[in-house]
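Note that chain A is present in both complexes that follow, paired respectively with chain B and with chain C.
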Partner chain A sequence: MRYVKLYFTCIKRSMLSRLEYKKDAIISILSFLISNACALCSIYFILQAIPTLKGYTPAEVGFFYGFSMLPIALDHLFSDEFWLVAYRRVQLGDMDRHFLRPVPVIFQMFAETFQPDGFGEIIVGVTMIVVCGLNLQVSVTFGAVFVLIIGAIFGAVIITSFKVAFSSLAFIFKRSGPLLQIVYNFTVYAKYPLAIYPQVVRFILIFILPFGLFISLPVDTLLYGTYNPYLLSLIIVGVAIAFFTLATLVWTLCARRYESTGS
Partner chain B sequence: MRWLRRYKPFARAAAIDMMAYRFNIITWAIVTVFEVACMVFLWLAVYQSSEGRMDSSINGFTYKEMIVYVVLTTIFTFIAFNDDTLWLINRDVREGTIGNFVIKPISYRGKFIASNVGAFLMMSLVFGLPLYAASLATLIGIGYLPVISAWDFIAHFLLFLVASVLACLLNGAISYIFGILCFYTTAAWGLNALKTTVVSFLSGTLLPIAFFPPVFRDIVSYMPFAGMSQNPVLILMMKYDYLECAKVILIALGWLVLLELIGKLLFNHAIKLVTVQGG
Partner chain C sequence: MIQVQNLVKVFRKPVRGKGLFGMIATLFSRKYTETRAVDGVSFDIPEGEIVGYIGSNGAGKSTTIKMMCGILTPTSGKVLIDGLEPYLKRRVVAKDIGVVFGQKSQLWWDIPLVESFKVLKEIYQVSDADYGERMAFLSSVLGIDEFLTQPVRTLSLGQRMRADLAASMLHNPKILFLDEPTIGMDVLVKDKIRTAIHALNAKYHTTVVLTTHDMEDIENLCSRIIMIEKGTIIYDGPLGDIKRRFGNIKTLTLTVPPSVDPNSVPPFSNDVTMTVEDDKVLLSFDADKVILEQVVQYAFSQYHAIDMKIADISIEDVVKTILSQQEEEHAMAKKV
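Our next item is the complex of A and B:
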């Protein structure tokens, strides 16, 4: 309870400092909206030329694309500070104050920034889901909706876990930004249905970098009823908890190696 | 010629700077290989799903041509688009170092052009040469890029070099214009993202402009962005005959002059807003 209160106090402070530069915040959100709109237009133009993409109609691909934005956007909202940890903060040694406070450092990182830019992605994603969803010829079941919500929320937890684990490597190597970038960039694979990839890539996207598990499989469940939604939800939640536990463990171990610059 | 010599140190510094970031370049290489692979999977699925299967030509591109296009565009943007003009202007405005340039007999814009050219030459020599050689040899070797006559290829390659230099300068001019907007707002990050997105979409980096809907396509082909990535790459792929090559190069040149003018006017307006507190 204390942590919830603390989190909101910190976030309020972070938001206030963002609002100091209102124009900046608007330009950032706008640039996110436009970049997503461009990416969507590209896909749409490609789909114009073909009847279906491996059996997925344009509306289905659009729904897919919109849904894939949600876990990415949720992660973006809450864990942007880890990019700074990976690229700069450990290298500059300016984490001292966090280690001196009587609150876990990892919690402080989450509380340090709330990134409203993510709302741009959420707006585009939800719009896509609604517009394309109305054009889908499927009977929506409660289970399918349930597994989609679970996929979006716990998918974000899985992406955040990767960020936590790889940014904490900066405590050992001083700078782990590029490595984090490489892992994070695999999210581009999450934007399209697993069906377009060869077997090996599909295997990787389910069992190693599980973007397919929490994006492709839930959408397939809605469109074609391929999987049992409750079993799938259970698996996603289980995987998310496992990843997050592992990530905090890696963070705790690596953070012990932090060296102050002493200045 | 003498005034040109003034800018040589900037070109040299930018070239050396480029080399200092080798670690970033390794990251780029790994990220890019996976991204290109993703695009190849996507296009493979697209062509497999099309009516004529793998033999079909979509908007004038066969599957093989599309793969060549994706590979060459990726290398091209890596070599030609490496300017931090926007970030540097932002820094100069925020830290007040812009004052140094106002009082020196060096053009602020000229400094950036020199840096862009220096970085471009270094990238072309160190990475461009091996990357283009390896990819062209491979693509021609496996028959993805058919070469009818060697002379035709060499002529197109020379035209491609001209178009590349223009692309680099056009990109520099657009970065400069976006950079000047940093005088009015501190949102350099957002402006940079906006610039990158607009350029990659309208220049045909994400998708050849031929895929855009009819009217939009015609407008975009006459905008400066087409000359920044799609046209040079299509020249290299020998998709344009000489007349079309000349046309796209002239359009790019015209835009370059126009954009430099716009940049100059904007700068003259923006510089009046600057206040530097002592130093």
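Our next item is the complex of A and C:
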């Protein structure tokens, strides 16, 4: 309970920081609208140009793409600070103050930035799902919707776990941004149906970097009823908990190696 | 309150070659150099004491402070804060300590100062009543109410330091670590900060450990000093002893016209030592034994000084002297 209250206090502070520069806030809202519009357009153009993608119609591919934006957006909302940890903050010795406070450092990182840009991605994603879904005339079942929601939320947890684990390597190497970027970029592959990839890539996207597990498989379940939605939900939740536990463990071990900088 | 037992911190750095090729070669080499930044330091600090932890740049001051507040884990040895090791029980100990690093602010850069305080209040779980009482006290001693609604980035260095000091005191810590709290401040701000530290210590009985390069800080604040050089303690005792050892030593630096040969000027007395550096003449003496005014007059009349500067002994000088005294003692001991 205490941490919930503290979290909201910190988030309020993060929003204040953003609003402190009014022109900057306006520019960032504008640039965000433009970049999302561009993203939508480019998807639209690509889908127009290809009649089918290995048997998938443009509307189906659009559905995959739209759904994939949800876990990515949720992760974006809550864990943006870890990019700074990986790229800059450890290298500059800028983490000292967090180590001096009676609150877990990892919690402080989640509470340091709330990134409202994520809301836009959610809006775009949901729009794409609805438009493509109507177009496909999918038969909506409770189980399928359930697994989609679980996939979005716990998918975000899995993405965040990778961010936590790989950004914490900065405590040892001083800078782990590029490495984190490589891992994060694999989410790009998860934006399309797994079936279009060769076996090896499919294997990686389910068992090693399980971005396919919570994006492609739930959508398959909704569109074609491929898997049992409840069993799939259970697997996704289990994998998410396992990854997050592992990630916090890695973070804790690495954070002990923090050395700060001379002053 | 604070116990430090045989504390050691070794930093391992890869041996780097020179230039780009050297740097690339480093990537494949497994050679390391070890620097013993802190090398077997021990001391005890009782509650309510104000201790000056001093030494020249790179002597190991900041490293020790970082281990005492739990940011760094020692290579060997122990720090106990109220019986707990801060790097193992970080979150528990953090409630009892406040830290100000002169070079790094712990406030949020873009938001008004008071908003930073509100977040810290929540982080340290300070009750509304305590918060009100402490803010009133801190405002009176540090004058922070003048700029409470300004974003931190618009504060001057002196204001920011006062704000940082207030931030570190919000949760009424038992121990306050101050790493160079007066660095880069003007005389008025320095004075304000010193007064505030005294007031905190008197009111809340806060133990204070501060590092500084400023002799005046030490004279004004500390009852005890611990002096560190190359990672080991070279002096630990009351300030009075150091003063007695070094007296009230002052150095006059004179700029002398080329027409004057300083070596031909008769010396003032045996208590004044003269050294010549380029076109500068340095006269150092104990101001308790020799009257300053007379030396100054002598400098004008005999050396025809164009310009002059009076300086108190610096920490670097004290360190140098203590080290050379210790070497002499060693040499004497060997002879005997």
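Assume the second predicted complex is superposed on the first by the 247 of 263 C-alpha atoms of A that agree within 3 Å, B and C clash if a C-alpha of one lies under 4 Å from a C-alpha of the other, contacts with A are read in each partner's own complex, and residues count from 1 in each chain.
By our rule, a contact is a pair of C-beta atoms (placed from the backbone, for glycine too) under 8 Å apart; a residue touches a chain by one contact, two chains touch by 3 or more.
Just so we're clear, the structure is a prediction, and the values are computed from it rather than from any experiment.
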With both structures lined up on chain A, is it a clash or a fit for chain B and chain C? fit
For A:Arg97, select first, second, both or neither according to whether it touches chain B, chain C, the two together, or no partner. second
Classify the contacts of A:Lys5 with the two partner chains as first (chain B alone), second (chain C alone), both, or neither. second
Of the two partner chains, chain B (first) and chain C (second), which one does A:Arg13 touch, if any: first, second, both, or neither? second
Among the partners chain B and chain C, which is in contact with a greater number of residues of chain A? B
So in the superposed three-chain picture, is A:Ile34 touching just chain B, just chain C, both, or none of them (first/second/both/neither)? first
Contacts for A:Tyr21 in the overlay, against chain B (first) and chain C (second): which applies, first, second, both or neither? both
With both complexes overlaid on chain A, does A:Ser260 touch chain B (first), chain C (second), both or neither? second
Rounded to whole Å, what minimum CA distance do you find between chain B and chain C in the overlaid structures? 9
Residues on chain A in contact with chain B in one complex and with chain C in the other? 21
Which chain A residues qualify as touching chain C in the complex? 2, 5-6, 9-10, 13, 16-17, 20-21, 93-94, 96-97, 99-104, 256, 258-260, 262-263
Give every residue of chain A touching chain B within the complex, in rising order. 21, 23-25, 27-28, 30-32, 34-35, 38-39, 41-42, 45-46, 48-55, 178-179, 181-182, 185-186, 188-189, 192, 195-198, 201
Using the touch rule from the top, collect the residues of chain B that touch chain A in their complex. 23-24, 26-27, 30-31, 34-35, 38, 41-42, 44-46, 48-51, 58-59, 185-187, 189-191, 193-194, 196-198, 200-201, 206-207, 211-213
Applying the document's contact rule, which stretches of chain C touch chain A when the two form their complex? 11, 58, 62, 66, 69-73, 87, 90-92, 94-95, 97, 99, 101-104, 106, 108-111, 115-116, 118-119, 122-125, 151, 179-180
